[in-house]
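Two complexes are shown next, each including chain A; its partner changes from chain B in the first to chain C in the second.
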Partner chain A sequence: MTSPPRWAVSCLSVASVLAAWELAPRAGLVDVTYLSQPSLIVRSGIGIIATGALWRHAAVSLQEFFAGLLLALLIGVPGGLALGSSRRMRRFLDPPIMALYAAPRLALLPVLVVWLGIGLASKVAVVFIGAVLPIVINGAAGIREVEASLVLAARSLGAHRIDLFTKVLLPGSLPAVMAGVRLGVGRGILGVVVGEMYVSQVGIGNQIMQLGSSFQIDQLLFYTMVVSVFGLAATTAVRRLEERWRPWSRER
Partner chain B sequence: MSGSSGGWRASLGSGLASFTVIAAAWELGVVAGVLNPFFTSRPTAILSALVEQALTGALLVNVRVSLGEFLLGFGLAALVGVVLGVLAGWYRTVEYALDPFLWFLYSAPLIAFYPIFVIWFGLGAWTVVAIAFLLGMPPVMANTLSGVKRVDRSLVRAAQSFGARDRDLFLHVALPACVPMVMAGLKLGVGRALTGVVIAELFGATAGLGFAIGYHGQLLQTTEMMASLLVIVALGVAATQGLAGLERRFDSWRTGPG
Partner chain C sequence: MSHIEIDDLTITYETADQAGRFVAIDRLSLRIERGTFVTLVGPSGCGKSTLLLAVDGLIQPAAGEVRVDGTPVTGPGRERAMVFQDFALMPWRTVIENVRLGLELHRWRDGDPDRRAQRFVELVGLAGFERHHPHQLSGGMRQRVGIARALAVDPEILLLDEPFGALDAQTRETMGYELLRIWREQRQTALFVTHSIDEAIVLGDRVVVMGKDPGRIVDALEIDLPRPRTLDMADSRQYVEYRRRVRSLLGPGDAAPQAGSA
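Right, the complex of A and B next:
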């Protein structure tokens, strides 16, 4: 069972793909206009950073993303917990929530643009709609998955409804809520980019669309990489929080 | 089994009830002047727009185009995702080699490849299919991978000691054991592939439901826009429910919690 270590295989495979990508256009196998090249991407990336364009567009996109995510947290976390605690609410709200969850919510983009215009507000709304549903659904599931024996024990030891909620249900459902937040962060990032690609005047998605229509694939791919790295960092950060906030659950 | 189908019927009933209440509130809001029908339209108008689109055949054309692109893109995603996932789950070296790319596909805003695909494939169905494939593939692959990896080692050892070869092991032990994970991956992939179809059509296409939404949106025809949106929601629900049914069917032999 001696196989080469993980990092070595991973590095080797990434390096060989990058090398093939770099060499194929040089060897004349593919047209560099259509495929770009790693070295070109790095060079144009340095240019984008040096002119300050990256920060100018990223600042707008980040603002939209965090505003939308904050709204989604403020509404989604209490909403999900309430939905999980009330069977009557669940019976009424589950069907529309599930229908919205199954549907591609980014299709609402044109509606949101008609309602809120082409500026910041419509992107904030796209992020909100993308992020809020996973948070609500996971929060509701989290409340319902808190072990019934814990609830019973707390009740028989004389816990009030409020105690039950703050000391058993809330901490018990936190990991599920955070898993929802992690999904929501991913949806939100996609939402910002797609929203800006659809219609906007500034922002990373706007740049991606403009660069694409002017055949500047190297710069486009640089922006794509930036968003990917941000997405990876954001989801990793939420995952860390998720793990830190579940010290009481020994298993899993 | 009968209990679960009864539960399904009950949830369908409460679903219809809650949609009826929402539609009624929406309609009354418009009648009472609280909602501006220019922005929100109204259920009765949307319904008659749907009927009209169905009669002129526009609805059928759009559904057919979107559905065709979706089936092709998602079918490819399922095929490639399962094959790559099985390979990576079975051979550790393959897993290590593919892992960084899977991570990239998961964290990248894959719609950003839309302009590149337009350059490669032109403005039309193939670009939409490519986006649907790219979005639908990663969850299928990731879930298949972890499903194959988590196959019970004692089952494998037992089969081996009874003289199973690699091929038998794969076909009769690993493949059936990872069905639930694969199905879960397919369910995740369906939603993402459908999103890919709609967004790619929104950005640039000549037909399809996403195209219809974008087209009517630019003309500020809220009613027609909402009608297409409704059809997309229905398609999404149908696709997820269809897969859930398939999952129950494939997984019916399994006993006990698993």
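Right, the complex of A and C next:
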């Protein structure tokens, strides 16, 4: 017997969770006030979209996210590649980078607010700090993990510093860079939402916070799902790019 | 003047433990005539691959020197090209792009690099596989790409570092004869490292036997078998005698004495 296709299993899994969720309050097993219901979430979602609230808040969040991510790419990609290429620089910068990577960056939020205010800039900074580190760390690792024999072969064929970088080290580390970008995207999304929850007057995170304190679970869950779907879409897009640039591992 | 002259070459490596230096090659001298196919055979750790890297200019000697056409080698050069045991193909490049790599790096101006790469892809029998990536090819086909990449830059010296060591016995034998077919047309000076006695005799005009601790030349013998070499030569009395002599020069130890064994 052949097993059913993967997407069918996934759909079935999602459908059964939704069905159980919808039926449990109806059967009186749980209180709908605490758990909400898929149908209620859809209804409140339609309301949020119709009033234009979704777009108004999402626009702010997206702006913060993409500005922070763009900054992280502009600084993280060259930074990571440079770090991977120079042992001296690595020795010098590794401890602070690792400390910052492990630090709870949201604890820095109050400091960022003091520096940058409660507007756009502080959230852009949170996204940047979250996304830049995995990009730097993966980029540096990518350079170092390019096989030594490839470097030897290129040198044998006459490659000097710049050619070695553009024709071997850069393409060889691109997959690792993209894996870092994928991690960075996830951390960046988290940064926007949590940043807005604490210091903002608009944005999706701010909405989630307000809805939570007024106990409007239907709408809160709708916004949460919007964030999840966006996160899934963004990381899938990055993964697609990764695969396009790494054809040799796709068919493994 | 010989094509390649190696004089009192000593190569040492830093060792991680203690403050010692490991002597990979100790005062080795060798002359290689233009257009000859010389095979280097010896046990693991005798420095045969190190010697090849030094001739290519990828590592610097602690003492002594390598000269090509009388000029000391200080780094890689266009007149020398290397074929690696693990193929060392760029996985993100297609077959033709890999073959073109050396032409790009040497800023090839003598005709269209793409046409030239195509010619060498065809020479090694990979026509139709130009757009494939290395991971889509078998080991033997990958090494054909490695050979084409080396030949494309029009080297006078071909350095082959156990090029068929990662292949199964049958493919290995086929590739050996393929290499001879290609070499017959081009007639580069070839320096071929192996630890298979049979491979050394079948391919070489001269077999240089190396020993280890420290790496040095034990002896060399001329292989006076007619070319083109064929499979049934391996049964001739002459061949069997060469084989016996190489084996006795290698002495007891961990050199692989079996045909085609890696």
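Convention: the second predicted complex is superposed on the first by the 234 of 252 C-alpha atoms of A that agree within 3 Å, B and C clash if a C-alpha of one lies under 4 Å from a C-alpha of the other, contacts with A are read in each partner's own complex, and residues count from 1 in each chain.
The definition used in the following text is that a contact is a pair of C-beta atoms (placed from the backbone, for glycine too) under 8 Å apart; a residue touches a chain by one contact, two chains touch by 3 or more.
Source: prediction; values computed, not measured.
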item: Room on chain A for both chain B and chain C (clash or fit); value: fit
item: Partner chain(s) touched by A:106 [first = chain B, second = chain C, both, neither]; value: first
item: Which of chain B and chain C A:149 touches, first, second, both or neither; value: second
item: Which of chain B and chain C A:185 touches, first, second, both or neither; value: neither
item: Included angle at chain A between vectors to chain C and chain B, based on C-alpha centres and rounded to the nearest 10 degrees; value: 90
item: Which superposed partner A:157 touches (first chain B, second chain C, both, neither); value: second
item: Partner chain(s) touched by A:136 [first = chain B, second = chain C, both, neither]; value: neither
item: Partner chain in contact with A:245 - chain B first, chain C second, else both or neither; value: second
item: Contact breadth on chain A, by residue count: chain C or chain B; value: B
item: Which of chain B and chain C A:41 touches, first, second, both or neither; value: neither
item: Touched partner set for A:169, first chain B, second chain C, both or neither; value: neither
item: Nearest Cα pair across chain B and chain C, whole Å; value: 9
item: Footprint overlap on chain A, where chain B in one structure and chain C in the other make contact; value: none
item: Residues of chain A defined as touching chain C within the complex; value: 147, 149-150, 152-159, 163, 167-168, 171-172, 174, 245-249, 251-252
item: Residues of chain A touching chain B in the complex; value: 3-4, 6, 9-10, 12-14, 17, 34, 91-96, 98-100, 102-111, 113-115, 186, 189-190, 193-194, 197-198, 205, 208-209, 211-213, 215, 217, 220-221, 223-225, 227-229, 231-232, 235
item: For the chain C and chain A complex, residues of the former touching the latter; value: 56, 58, 76-78, 80-82, 84, 86, 88-92, 101-102, 104-106, 133-136, 149, 153
item: Complex contacts: residues of chain B adjacent to chain A; value: 11, 14-15, 17-19, 21-22, 39, 92-93, 96-101, 103-104, 107-109, 111-116, 118-120, 191, 194-195, 197-199, 202-203, 209-210, 213-214, 216-218, 220, 222, 225-226, 229, 232-233, 235-237, 239-240
